[in-house]
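What follows are several structures.
There are two complexes below, and they share chain A, which is joined by chain B in the first and by chain C in the second.
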Partner chain A sequence: MRIFTKSIIIFLLLTINNLNANENSERNEITKNLRCLICQGQSVYDSDSDFANSMKILVDKKLDDGLSKKEIYIYFKEKYGDWILYDPGINKNTYLLWLLPILIFLFGGAIIVKSFILKK
Partner chain B sequence: MKNKLISYSIILIFLTIFAVFYKSLKDTNIYIPETKINNDIPIFSAELLLSKENLTSTEIFEMDKFYLLNIWASWCAPCRDEHPILMSLSKNNQLKIIGMNYKDNKKNAKSFLDELGNPYEKIIVDKNGTNSIEWGAFGVPETFIIYNNKIIKKYIGPINREFLIEIQKIIK
Partner chain C sequence: MIYSVVGHYSLILGLCAGLILIFFSIQNFKNTNQLDTKILSFSFLQLFFVLISFLSLIISFVISDFSNETVFNNSHTTKPLFYKISGTWGNHEGSLLLWLLVLTLFIFIFLLRTKNQPIKYKILTLGFQQVIIIGFFLFLIQTSNPFNYVFPVPEEGLGLNPILQDPALAIHPPILYLGYVGSSIIFSSALAATTLKMISTSWAVHIKKWVLISWIFLTLGILLGSIWAYYELGWGGFWFWDPVENVSLMPWLALTTLLHCILVLERKEILTSWVIILSIATFTLSMCGTFLVRSGILNSVHTFANDPERGLFILIFLFALIFLSLFIFFFFHQNSKDNSSNFFWLSKETSILVNNWFMMYFLSVVLIGTVYPIFLDVISSQKISVGPPFYHKLIAPFLIPFLFAMAIGPRLKWIRSDFKDKIYLISLLIISISISFFIVKNFNTNILINTILISSALYLFFITLRDFFNKKYKNFAQNTAHFGFSLLILSILFNNLFSSEIITNLKVGETYDNSKTKIVFESINQKKEKNYKSIIANFYISNSEGINNNLSPELRIYNQPNITTSEADIKTTLMKDKFIVINLVQNQDYFNVRYQVKPFMMWIWLSVVMISLGGLVSFLQKRI
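Showing the complex of A and B:
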């Protein structure tokens, strides 16, 4: 019986620990993708500026309110624009950025095919 | 013919790259968020600086009136510079000035107002800086013009004489 209660306590402690870690990791994941506007070039996660610290508190608050990662990104995008995200989605300003590597890859591939394979 | 085409295209590519880089050379690499916005004001509740009251956003901002929200702190030097302009704006009856005290010490904030005068009708406290992020601000000072619960204009940095004229135009 004693072993049983002990194992239950240990199990509970482990799960609580795990829960905490999960919560933090979600917050870290979000703040790593948010750009700090004061110290530009650093993420909110890396920065220790006043602005970044407030952002971390706010991200925690939004997670507590039950917002998903995507909703938090949309929330900050509405306030500060696309620039706040390190990983912006495809829109009219960024489609070239997303499509250009693919186009260059295809173009280069076509040149290789034409000059090496078809010549044979 | 083919060689000519290749050399022309190489020159063209270099010229384009040169033009792009030359243009970007003069661009500032510091990003500033859009100032022309038409967003709804955030919903919040906050403590007041000069009384122990707690107010919600709907109690502070009424419809059909112009409001100016100014984010300030006693430790912020540009806030000291723009203060006389806020003082002169506070004489205007058509505009209500709301202050947001950003990450400040209550005692210092009060002595700042005692020294330079208090242009604010109400001052809300933003102790941990989250409220100003809800507004889309990222530093002090920042000023918002609000009409019908919408942010119609936003100024980043201290307001000056030019802004004063612009603000007066908006109110009319």
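Showing the complex of A and C:
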């Protein structure tokens, strides 16, 4: 059993060593969060349309200019509206969106805990 | 022409059979010595009529009968036969007819295969199912008749959307529908059992088979859709948290929860109300999905035509069904209070409760994420996007305790349990954490949550893996499914962390070279098919490990309708996929080349297959 587990671990480590970490990751992270406005449900990162390609160049340029991730998002938001960002962020429009699932989770937990307390 | 007439009238006859069946059911219900043979024959007749109607539509497509509006809108004479046939359900009308066919098929099988259950229950289930069937008949005939005429008869059809001209179209919708519609049987049966106050362990044993069938098909249907979205460009990869993907995931989550509850109900009469609610929810969510997709509220390739009338019909029908089921639930259901619902906090029951708790949370995340933007748009006309980052943020942290619970839960005993072989459990935990720490540190993706998430998935992986070789441990079905799930999470995470890509512009004869990879653009071929012209680019790719591949992505210019699509070429191996796409750069002889290496893709598919295999094993197992 021990040998088996060990061999699995060694195998995993070997395969992992062959993998390459993603290089220009900040640019990818940003473009993955931008909606390709002319596509049907696709991010700028995934799309190869002209629109997406020019957006990628624009993001590169903004990064070269020294803008942070946040500033780039704000730039695009002002230009195209909230619609362009896949991450809705927390603001007055989205409090409910973020909080409701959490509240449901807490509520569910409360029901389970209560059922145990009631039994005793 | 003649086939449209045959098809149309068989639909009407099928509807009549439905009404007659309701009449017989009521009669038979009063006098219940045995099941009226007429009921069985009329169910068969209904299935037969729908089948005839469906076959007529297929024939209309095969012979390109453009006097039929559906054929005219979605077919073309130059389309290959294969897509003429599968194009039958590649449109709104045809897919609904397929839905109806599966509905009638399932209730017929249900009547045939259900033995040892009270006659009243069978009749009542049939009755509820007929309500759904008749609703769909009316919907089909009223708002989306597949057999409408076009006059004068056009010479040529408008053609099928090229994106849908894919082998996956032949199999993805039917498999998914088997899953969706299977949930309708669970719905009807739960309502019937509630009305007759027979929600019990024996009912659970009986309905479990149906839950498993729909669950297996739904899982495979989602998998097929995911594979299709992976290689089809423009759909955002294998899973993009797109609303259409979400609407198939929601019934799956509800069904998976139901499956686990049924496991408890099989042994003890607890959680009865919860099981009923879940049965209702699963089917309602399937219907909701149809509504959201077909009404044109969500825009996607599944939205064949935006017709508010259709949306309204489904919405009314949906509310009627919800109202009916709530009425039955509140008036007929009695919670068995006296029953011994006492179990220790550390027991299998608790672990299943925890499963339910988390699954409902995931369901609520997906549901709220999908419908919230729609409501916000209606109320304040503010458009927001809720995309992958939202789901990742809300789901990933909760996945960690969930995965640990999945590892430990099945090892607990019913009613009361304590931890055995603690040392073993803890040592595996330490191994998992150290491996994932090594992985994440080595590739300086310095995110804490990745480490913990990989640890928890690895933990589940090791525990389930070891249990395969543990003779004392008998639940092979559960173990397979849980093992598959751990593998799925690991593959997705590794795929996400270690994918790499090269984007460049190349012209024929040019070479791209960085230290690791060399891409040679060798040549271009042109090919002419019946329904499209294609430009095939040939690439020779070698990497530092000395592995060479020839890849040939394609650009297709379809004639009917005139659309250019880009077809990726994918070299699949066990450990990684090599994925290459080309696109035209405007007014130049350069091509935009995108080359991606995606590790563990194969394992994502394999692990989902393994998950459904777990379901299949459980389905075939005799109850111990």
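Note that in this section the second predicted complex is superposed on the first by the 96 of 120 C-alpha atoms of A that agree within 3 Å, B and C clash if a C-alpha of one lies under 4 Å from a C-alpha of the other, contacts with A are read in each partner's own complex, and residues count from 1 in each chain.
Note that in this section a residue touches a chain if its C-beta (ideal position, glycine included) is under 8 Å from a C-beta of that chain, and two chains touch if they have at least 3 such contacts.
Given the structure is predicted, the values throughout are model-derived calculations rather than measurements.
Judged by the number of chain A residues each one touches, C leads among chain B and chain C. Contact with chain B, but none with chain C, is seen for A:80 once the two complexes are overlaid on the shared chain.
When the shared chain is aligned, chain B and chain C each come close enough to touch A:53.
In the superposition on chain A, A:40 contacts both chain B and chain C. In the superposition on chain A, A:61 contacts chain B only, with no contact to chain C. In the superposed model, A:116 lies in contact with chain C only, and not with chain B.
Residues 40, 50, 53, 81, 83 of chain A contact both chain B in one complex and chain C in the other. Every residue of chain C that touches chain A in the complex is listed here, in rising order: 233-237, 240, 242-243, 299-301, 341-342, 345, 353-354, 356-357, 360-361, 364-365, 368-369, 372, 376, 380, 382-390, 393-394, 398, 431, 435, 438-439, 442-445, 462, 465-466, 469, 494, 497-500, 516, 545, 566, 575, 581, 583, 586, 592, 594, 597, 599.
Residues 29-31, 33-34, 39, 103, 128-130, 132-136, 138-139 of chain B are the ones touching chain A in the complex. Residues 1, 4-5, 8-9, 12-13, 15-16, 18-23, 32-33, 35, 39-43, 46-48, 50, 53, 81-88, 93-94, 96-98, 100-102, 104-105, 108-109, 112, 116, 119 of chain A are the ones that touch chain C when the two sit in their complex. Taken together, the chain A residues at the contact with chain B in this complex read 37-38, 40, 50-51, 53-55, 57-58, 61, 78-81, 83.
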